[in-house]
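First the structure, then my questions, so here it is.
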Amino acid sequence: MARTDPALYVEVLTFYARQMALLDALDVEGYVRTFTEDGVTDHAHRGERVEGRAAMLAGATAALPRYADAAVRHWNDHYLVDAEDPDRLRVTYCSLVTRTARDGSVTFEPTFAITDVLVRVDGDLLTASRTIDRDTPAPRAVAAAS
Amino acid sequence: MARTDPALYVEVLTFYARQMALLDALDVEGYVRTFTEDGVTDHAHRGERVEGRAAMLAGATAALPRYADAAVRHWNDHYLVDAEDPDRLRVTYCSLVTRTARDGSVTFEPTFAITDVLVRVDGDLLTASRTIDRDTPAPRAVAAAS
Amino acid sequence: MARTDPALYVEVLTFYARQMALLDALDVEGYVRTFTEDGVTDHAHRGERVEGRAAMLAGATAALPRYADAAVRHWNDHYLVDAEDPDRLRVTYCSLVTRTARDGSVTFEPTFAITDVLVRVDGDLLTASRTIDRDTPAPRAVAAAS
């Protein structure tokens, strides 16, 4: 199996720690700047594709009131870092999303599988594309049960 | 304290990212191949020990219908990697297991502590044994309350 | 962006894996020894500051009976390791806390953001201070909704 360079792996995890902190603080301008100017997010499960920082910022800003009652957190796991070349990485991971209400109660959004392409621009990593798939029962299990 | 080599640590986390992706996709053949031919899984809390790939595959295949209604995800944390020798590692971690139904609602299985022995075969890591213990209240707390 | 040394990053994650194992096993003596003698924990959201191992041990011991009915687990994510100098690190992360009852059911405490200062003493890392903030809705979202 191809090995991931430890320095690159740590850089990638640090990139996500910063990006998720911006996302969960709803710092929409800061979050959008972690994408390339023409970066794309694709919520594949609902056919919603947004292209470019300006469109992402408009969408994220419009969504802000939905988060007035609960703090959001994205908990990621199982990063796989595939360096297609030194300046272009394919990263997959899964994400559990919590909403913590003012009374401290925690509820959950569905779980997701994410595939990102990260590119290096002026030395730093940026997200060029993000594809988000909501988890659904494994076809294998559905077939076995029918 | 003994230090874990960063390259080995990243290799171990990448091994688990791949293995958990196979497990949660219910790719039972692929998952079983991440164990040695005589690999063992031991659900210590229910006295259920399975030895060898063939027995593991039979058990996992029989269990498939139980996952027809919900996507499963294992969220692991707190890996400790102890290299007993370069080709034999003792790895401990804990695991939170979600089930995401078709409507997106998330429920939880109990939490677990896991101890694995990983061995290097033809250059790649494989699981030689996995011992799974369901979390129960700490004896210390039980004693303090009685 | 400043890069984190991979060996240091792995050492920090290993430190937390050990510290959280002691905390979740309610090994209060062992947990307290992962702090400096004058270590501080500050639950900022409830104005509760505890200084020194002796006070921490007294508080933790008194709290033990509260955990007689459920196993506790802290699930951390998004570590950012900032080496202010080689022997003093500022580490931030977030934490999801589960309680697993005897029947296997899982409930959740609120989610938290943590800022630690780790110092190196006789070669090993210890926590000099820990500041814990309960997650609340982002001010940005509250403003947008009003």
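Note that the chains are named A, B and C in the order they appear, and that numbering of residues resets to 1 at the start of each chain.
The rule we apply is simple: contacts are C-beta pairs under 8 Å (C-beta built on N, C-alpha and C of every residue); 3 or more make two chains touch, one makes a residue touch a chain.
Note that the coordinates shown come from a computational prediction; the quantities given were computed from them, not determined experimentally.
K.L.:
Do subunit A and subunit B, two copies of one chain sequence, contact each other through the same residue numbers, with over half in common, or through different ones?
P.N.:
different
K.L.:
Using CA atoms for the superposition, what rotation angle relates subunit A to subunit C, in steps of 5 degrees?
P.N.:
To bring subunit A onto subunit C, one rotates by 120 degrees.
K.L.:
Determine the centre-to-centre distance between subunit A and subunit B, using the mean Cα coordinates as centres, and give it in whole Å.
P.N.:
The answer is 25 Å.
K.L.:
Mind pulling the residue numbers of subunit A that touch at least two other chains?
P.N.:
In subunit A, 6, 9-10, 75, 77 touch at least two other chains.
K.L.:
Can you list the residues on subunit B that touch subunit A in the complex?
P.N.:
Touching subunit A: residues 6-7, 9-11, 13-14, 16-18, 20-21, 24-28, 61, 64-73, 75-77, 98, 100, 102, 104-106, 124 of subunit B.
K.L.:
Contact residues on subunit A for subunit B in the complex?
P.N.:
Within the complex, subunit A contacts subunit B at residues 1, 3-6, 9-10, 75, 77-81, 92-94, 96, 108-111, 134-138, 140-142, 144-146.
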